[in-house]
Amino acid sequence: MSREPRTEAVEKQTGRLESFSDGVFAVAITLLVFNLQVPHLPAGAISVPALGSALLKQWPSYLTFMTSFATILIMWASHHGLFKLVYQADTPFLFANGLLLLLVTVVPFPTSLVAQYLITPAAALVCAVYAGVFVVINVAYNLLWWAAMRQRRLLHPAVTPRQVKRLTRRILLGLPVYLLATLLAFWNPYVSLGLCSCLWIFWAFAFYERSPSPRHLTGGQDVEMAPKSEA
Amino acid sequence: MSREPRTEAVEKQTGRLESFSDGVFAVAITLLVFNLQVPHLPAGAISVPALGSALLKQWPSYLTFMTSFATILIMWASHHGLFKLVYQADTPFLFANGLLLLLVTVVPFPTSLVAQYLITPAAALVCAVYAGVFVVINVAYNLLWWAAMRQRRLLHPAVTPRQVKRLTRRILLGLPVYLLATLLAFWNPYVSLGLCSCLWIFWAFAFYERSPSPRHLTGGQDVEMAPKSEA
Amino acid sequence: MSREPRTEAVEKQTGRLESFSDGVFAVAITLLVFNLQVPHLPAGAISVPALGSALLKQWPSYLTFMTSFATILIMWASHHGLFKLVYQADTPFLFANGLLLLLVTVVPFPTSLVAQYLITPAAALVCAVYAGVFVVINVAYNLLWWAAMRQRRLLHPAVTPRQVKRLTRRILLGLPVYLLATLLAFWNPYVSLGLCSCLWIFWAFAFYERSPSPRHLTGGQDVEMAPKSEA
Amino acid sequence: MSREPRTEAVEKQTGRLESFSDGVFAVAITLLVFNLQVPHLPAGAISVPALGSALLKQWPSYLTFMTSFATILIMWASHHGLFKLVYQADTPFLFANGLLLLLVTVVPFPTSLVAQYLITPAAALVCAVYAGVFVVINVAYNLLWWAAMRQRRLLHPAVTPRQVKRLTRRILLGLPVYLLATLLAFWNPYVSLGLCSCLWIFWAFAFYERSPSPRHLTGGQDVEMAPKSEA
């Protein structure tokens, strides 16, 4: 009986925070489409080949659109995963979450910066800015997790130390890789951008590896679901 | 008792995924309005007939706005229908859903492409791109459903094989039609666009046919509601 | 016991529809801000009085922004009120709701049309379009309510005939007024726009008159809450 | 038993209002990113130093983006805090909330006004407008709280007079400060903007001070949670 009310409180306290965060993620990810601009051709020069080649020339837009979309999607999935372990929010946690959201809404800006300047002499700068934003996002992510887990204050009582350690490691992992991508930009912008484009595929697999198989769920042994299925 | 917790888990695991997806659908469908541009007339030439004819000349914008809106709406309804049968998410399902959302957010782009180039010599290309995007969306939809139903891993235990077969057929149906629309664009762009515009009306009726009548709902025989009303 | 599951089904079936609709309303109402454009002054001519007068000259933007915002807000409140009486959705209802949402997302377009052409010779046309959109929205609203109440198929069992009659009357009321505003636009655009601007204040009071006083709520006699408090 | 249904009613009546408000806050905060514009350089003049200096010159955009983001975030947190104490909505409350939302969606406008005119002779005006909008928002906030608490009509029965007094004082506090910032703009725009930029940090700490420590939560003595944990 002393357990039930506390579990209930989890939903109450972080529910509106999660739905607000979801809203920001959803809007930010959808605004990326403004990166895809309809090419403007002079009225006399409009033809299928002319428009076709104008559309193909915009490949940096398509590439960065997909990379940014996939990266925000992974960030959302990670945010979701982190909040599953958290049962309440305090002020530092709220502000770490706010910082993360600010950076998520910023993503469309470096995305269109790369789209417009990737095939110009300023490519090094825009790719460094692009990867640099992900470095800062990663720092914000680490801050959020640190705010949640310090002295285990905000974590659900059923979260195990092994789960904490695993997520800590997983979140820290991105930092050196995005730092590397930022530095690489000044050597070769395309390699830097390629690294950012590949990273989300890596996250997908890292995510996959720890994803519960449906079998375990009913057995109550799945780490992710433990807090909920035990209650 | 072994049934109850599992049913509870349905809400928990796909709840935030659904609300995030709803957010993306809602934003993408609302951003379509940017397709409707206020015509700019030179200050000296502003009059009721001049503005009226400028507004009427934008009919491709209105047509594609309505077609895209209706298509995203049907996609949302289908997404909603599919998620009713799913009781949990694994990584392939999450990423198939991510791909679908990416394509949903893309829709405003080919929509404004058609709006701007429908009455130009590049009409064939833009109509092919428009229908082509719906081909890819249909493929993503099939992927999502396949991720959900393979080995029945993610489906709610109460979903019947007949329901699975029916939805599989329904989702596959769109593929050849949108492929045809894509090919037709190179023969006659208007026929291609007309086919896309008509398709959603067809979906509406296909959807209607399988929609439960209110009478059946309380009897517990409705296939859609079965998982919930049985619990 | 035969009542409980049915009540539960209300939440399930219209829950995601409501949250999707809320998302569309929220995005559409927020996009209205794009109507407020920062004036561009030539670099040499920037001063406090110059910018101040440029900002004041934009008063049609501010007026239509506020009118459109208030109107969408009232529409959302009415949508909310209507859905309180509905306990499930069928296909005609879904599509009537879709039509209403389409028109809600359209509102930013006539809004910026009026903002740009109110103080030009084309004022009559843009004010007629503006009021005309609200006529069509009102028709969509009547359709939605008709889809909900025909043969009482989708209404909550506890909804009384008096409630149905009252809402029917309230929804029909707007139709002649917006029709009048549309026609008035060709006689005097300012009167037409003024009528639209005043109407939402009228809705607010109409809404107020029927709004339950907190006292009644716990007594279970409030018509709006009846379905819920009885269960 | 007479208590339970009333508590249930809280969720029902303000649930959709909160989620709609959250949607508006989430969209408005995300639209701020449009303040960050990609600089356009002539094709021949593109280089890392040229783009770098063009990006650095946009510092007013970055500063106002962050200030507006943080301020909307705090406003959302306060909105959230206020709604925790409210158990139902009447019409004046709905319209006070509507006014607040209107002003929240307006924020991107003065934000881009400051971004474009901060380093011009019109700086005084745009900073006064910027701070002035926050004055009006603060008034709307006071109205909302007044609508909620007058005669304790809408407050949850468990809310204590001390809580009411505390929140009243906290909300009134912002009014003189933003008024001061508005007046200061005509003396020194930078001081005015700096005051606005610092204020949200102050709100964060004011917020922190009253934030419940996790310890108290289970003891049921936390003021914020009291209504929920007692039920």
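Annotations
Note that the chains take the letters A, B, C and D in the order they are written out, and that residue 1 is the start of every chain.
Assume contacts are C-beta pairs under 8 Å (C-beta built on N, C-alpha and C of every residue); 3 or more make two chains touch, one makes a residue touch a chain.
Just so it is clear, the model here is predicted, and its values are computed rather than measured.
Interface of subunit C with subunit D: the two copies contact each other largely through different residue positions, with under half of all numbers used appearing on both sides. Between subunit B and subunit C, the superposing rotation on Cα atoms measures out at 90°, rounded to the nearest 5. Among the other chains, the CA centroid farthest from that of subunit A is the one of C. With centres set at the average Cα position, the gap from subunit C to subunit D is 25 Å.
Inter-chain spacing, taken between the CA centroids of subunit B and subunit D, is 35 Å.
For subunit B, the set of residues touching two or more other chains reads 19, 23, 26-27, 31.
Across the interface of their complex, subunit B is touched by residues 2, 5-6, 8-9, 12-13, 16-17, 19-20, 23-24, 26-28, 31, 88, 90-92, 94-95, 98, 101-102, 105-106, 108-109, 112-113, 116-117, 120-122, 124-126, 129, 153-154 of subunit C.
Looking at the complex, you find that subunit B touches subunit C at residues 18-19, 22-23, 25-27, 29-33, 36, 38, 41, 46-48, 50-52, 55, 66, 69-70, 73, 76-77, 80, 204, 207-208, 211-214, 217-218, 225, 228-229.
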